[in-house]
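Below: a set of structures, written as structure tokens.
Two complexes are shown next, each including chain A; its partner changes from chain B in the first to chain C in the second.
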Partner chain A sequence: MANKNTSRHLPGDPEVHHIIPYKFHIGIWVGLIILTVMTVLVSVMGISLVAFSVITALIIASAKAVVVANYFMHLKYENKLITWLMGVTMLLFVVFIAFTAFDYITR
Partner chain B sequence: MSEALSQPVNFFQAKKGLFSWIFSTDHKRIGLLYFYAIISFFLVAMALGFLMRLELIAPGETIMDAKTYNQVFTLHGVIMIFLFLIPSVPAFFGNFFLPIMIGTDDVAFPKVNLMSWWLYVLGGIFALLTLVVGDGPADTGWTFYAPYSVKTGTNVTLAVLAAFILGFSSILTGLNFIVTIHRLRAPGMGWFKMPLFSWALYATAWIQLLATPIIGITLLMIVAERVFGVGLFDPALGGDPILYQHLFWIYSHPAVYIMVLPAMGLISEMIPTFAKRTIFGYKAIAYSSLAIAFIGYFVWGHHMFTSGMSGPARVIFSILTFLVAVPSAIKVFNWVATLYKGSIDVKTPLLYSMAFIFQFLIGGLTGLVIGALATDIHLHDTYFVVGHFHYVMFGGAGFAFFGALHYWFPKIWGKMYNERVSKIAFTLMFIGFNFLYFPMLILGIMGMPRRYYDYLEDFTTLNVISTVGSWVLIAGILLMIINLIRSNKTGEVATRNPWGGTTLEWQTPSPPPVHNFDATPVVPEGSPYDHKMNKTG
Partner chain C sequence: MANFVLANSGHNRDDEASKFGMWLFLFTELLLFGGLFLVYTIYRYLNSEAFLHASYELDVIMGTINTVVLLTSSLTVALSITAIQKGNVKLSLWLITATILFALTFLVIKYFEWSAKFEHGLFPGMDHYNHLEPAEKMFFFLYFFMTGLHGLHVVIGGALLGYIMWDIKKKEVTPQNYVFLENGGLYWHLVDIIWIFLFPLFYLIH
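For the complex of A and B:
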């Protein structure tokens, strides 16, 4: 795990490398596979955690995206600013969908 | 800083030959490649605009039929938006000056930068191909609204692919600028030491990066609909034409800010230099760029007030539209406050900046008129909208572009332009512009619809005034271009800092050397616009 003090990338600073064991990445990968299997089960077998299979699938997909971004794409070890920028990007995406959907629902 | 005794080799002299330009990874050369391409496309689209105004000098068919007129205004719009306005300031001035202004030697990804230019050229070729193949250029308007764009026999697919490719060019430029600003600032160049042009480019780059992919997908959906008949937008197949408008404007409204935000950055550079005074409200201007970029994402629905969107959605989009006026006004107030008690030196770039403020104010305030739900019902799809749009885009972004062209002309080409001729050209442009577009606002209120080659007799006088205005404007533009070309050949040699500017580009020779600086640039201690500390003037 990265030390908090060394995870800040400031301009001019040398790159900070994070040495993470293979086992850890394989663990993440297995976790993702399990989540994928869950998605398939929800759609094929009609098993749904909250009765809405689409919502369940979206929740699982979001969880997978968070894991991939954090570990495989190293967001967890980056400057907080990068996480914020990612967050704003996601917020905009949600707004695009929500506003368009709002028009349809209230039309 | 005194003039260096031995001038280093500048970026023009470093290498010779066509290939040394079109395969260059030097940000300055790429900036100039963009400039020559952009200004060529601008002249083509200007000629199309001239023909449109000529058609409208009298009611009925004057020089072209209805279909040709539709094709001409579509091509005028596509070229002006995608090939001139969107790349104009970021791709030319941004490429050339961003690295210099933040004290580095190039952008973060020089090869990607070159690829952006090649994509731009490819997109331009696609746009021009629509002229010569098939059933002629698209006749849909630059918005490519479905379902007409799905059904028309003209070259919509090719035009849409052109815009798609140009989008990629824009995304890569935005990405390059974001990484450059985050990672390559010179030692001591903190975020709030950056010139405001860099802030404006930073805010713009985020729009380029995040909004452009949406138009990419949307345009591909048009192609899918045309080629495979998938039924995304065709109601007969279960599609929804309003969905197209949502998707189109989710990008295209923020795209308006891609065009005007960097232009505002140019004004923030020119005003302190010619007022010889620190800019008023530096942080307010920097944050307002980010605020405009952010709020600009949430207002797209105001293009659709009369197209069948739900009532509650219209109310929300109208309120949000009014919000975006706040950061725009913050900038205007700060520019005016900067001039107050300044030692104003009325050079041509300052005149363009003044024209920007005047015309952008008219453009911005007329925008609020059509942002209000009730008035928009009367004014939607009238000439009022055409007038408003041109006041913001040409009166604002276009005038800032030409002002900055004069401001940085000595830095880029190393020669001084002829001040007297440039002021005459400016005067012609300012008068011509307002005679061309102000009558459109009145015509719109009178009820003249846009996008028609014909009109009622009642509208004739104002249309004639507008057409004559277009001739004066074009005369001004041509005089300006001739003046700049002549000055490049015969003008006085420019010093490092002819205007007494305070930002880093004025510390380097004119034109800059290949690696931008001949000595390590000194980042000013306080404000980047501190004229009291400026000893280079």
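For the complex of A and C:
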């Protein structure tokens, strides 16, 4: 069966996979550990900077989550539709937080 | 009629769709924990002093060790997928075994942490807990509920990986067909991502 439309994946076609090298994964892990050490240090040392440390902690946590999703979970190499839907999920979550926060702040 | 064969018969497999289904499930998981993070955010905004005070009861060192344990388990499961893609089934099995051992390590450390809180009577309903001010009660309630729900995910994830090892032994998951392992890995990484947020929000308030 000649497959004229190469952009479309049909059932029965050979599965194409992106293989991430071992060393690359280990490099990603080292990066994640460094970020973890950073977030602990910011928290333990930045006692006088309460608000700053919350924001820093959340930025570092989000960076770690993005790295895990992109490389460990192969999101970067999957169909872009999954990334878009991830964005929609995050947007929903931001809407939940923002609307509830508006309610509490304006009472 | 005897030679009539359906096109693609025996090949009706779509790994992309399988992974897509898993991702859809993971989005619902994110929103399940998202609801709890929403409760946490609002109560912390309303009672930041009490949350700060209560968080000093948590052990930063144990929390940090558990973070490293989960990140490393995420690495081993990611490596196990690379191994099976390269056809090294034996290495893949060892790496999944390592992941399950890290999951057990995480749970043992969590057990010691929870035991210490029980001894201090901080579990909802216990003596010390009942005499806390309402906002501190909320902190410990959320701590036990969220780490408990996360712990349940660790147990399920570990069991799922054990089941996948069994499938690899039965040759139902092979270097040619390993999407089940990929989906198990996706679930495991989700467990890691949730802990990435739980850790700073409960242990690192300072």
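Just so we're on the same page, the second predicted complex is superposed on the first by the 88 of 107 C-alpha atoms of A that agree within 3 Å, B and C clash if a C-alpha of one lies under 4 Å from a C-alpha of the other, contacts with A are read in each partner's own complex, and residues count from 1 in each chain.
Following the convention adopted for this analysis, a residue touches a chain if its C-beta (ideal position, glycine included) is under 8 Å from a C-beta of that chain, and two chains touch if they have at least 3 such contacts.
Since we're looking at a predicted model, the values are computed, not measured.
Novice: Return first, second, both or neither, reflecting whether A:Ile20 touches chain B, chain C, both chains, or no partner chain.
Specialist: second
Novice: Look at the residues of chain A and decide whether chain B or chain C touches more of them.
Specialist: Between chain B and chain C, C touches the greater number of residues in chain A.
Novice: On the A-aligned overlay, A:Ala69 touches which partner chain: chain B = first, chain C = second, or both, or neither?
Specialist: In the superposition, A:Ala69 contacts chain C only.
Novice: Regarding the shared-chain residue A:Met38, is it in contact with chain B (first), chain C (second), both, or neither?
Specialist: After superposing on A, A:Met38 lies clear of both chain B and chain C.
Novice: Using the touch definition from the top, say if A:Ile60 reaches chain B (first), chain C (second), both or neither.
Specialist: In the superposition, A:Ile60 contacts chain C only.
Novice: First (chain B), second (chain C), both or neither: which does A:Arg107 touch?
Specialist: So A:Arg107 only meets chain B here.
Novice: Have a look at where A:Val95 lands relative to chain B and chain C in the superposition and call it first, second, both or neither.
Specialist: In the superposition, A:Val95 contacts chain B only.
Novice: In the superposed view, which residues of chain A touch chain B and also chain C?
Specialist: Common interface on chain A, chain B vs chain C: 11-12, 89, 92, 96, 100, 104.
Novice: Using the touch definition from the top, list the residues of chain C that touch chain A in their complex.
Specialist: Going by the criterion above, the answer is residues 7-8, 11-16, 19-20, 23-24, 27, 30-31, 34-35, 37-38, 41-42, 45-46, 48, 52, 60, 64, 67-68, 71-72, 74-75, 77-79, 82-83, 85-86, 182, 185-186, 189, 192-193, 196-197, 199-201, 204-206.
Novice: With touch defined as at the start, can you tell me which chain B residues reach chain A in the complex?
Specialist: 182-185, 187, 210, 214, 242-243, 246, 250, 294, 297-298, 301, 308-313, 316-317
Novice: Write out the stretch or stretches of chain A touching chain B in their complex.
Specialist: Residues of chain A touching chain B: 11-12, 88-89, 92, 95-96, 99-100, 102-107.
Novice: Across the complex, what residues on chain A touch chain C?
Specialist: 1, 9-12, 15, 17, 19-22, 25-26, 28-29, 32-33, 36, 39-40, 43-44, 46-47, 50, 53-54, 57-58, 60-61, 64-65, 68-69, 71-74, 78-79, 81-82, 85-86, 89, 92-93, 96-97, 100-101, 104
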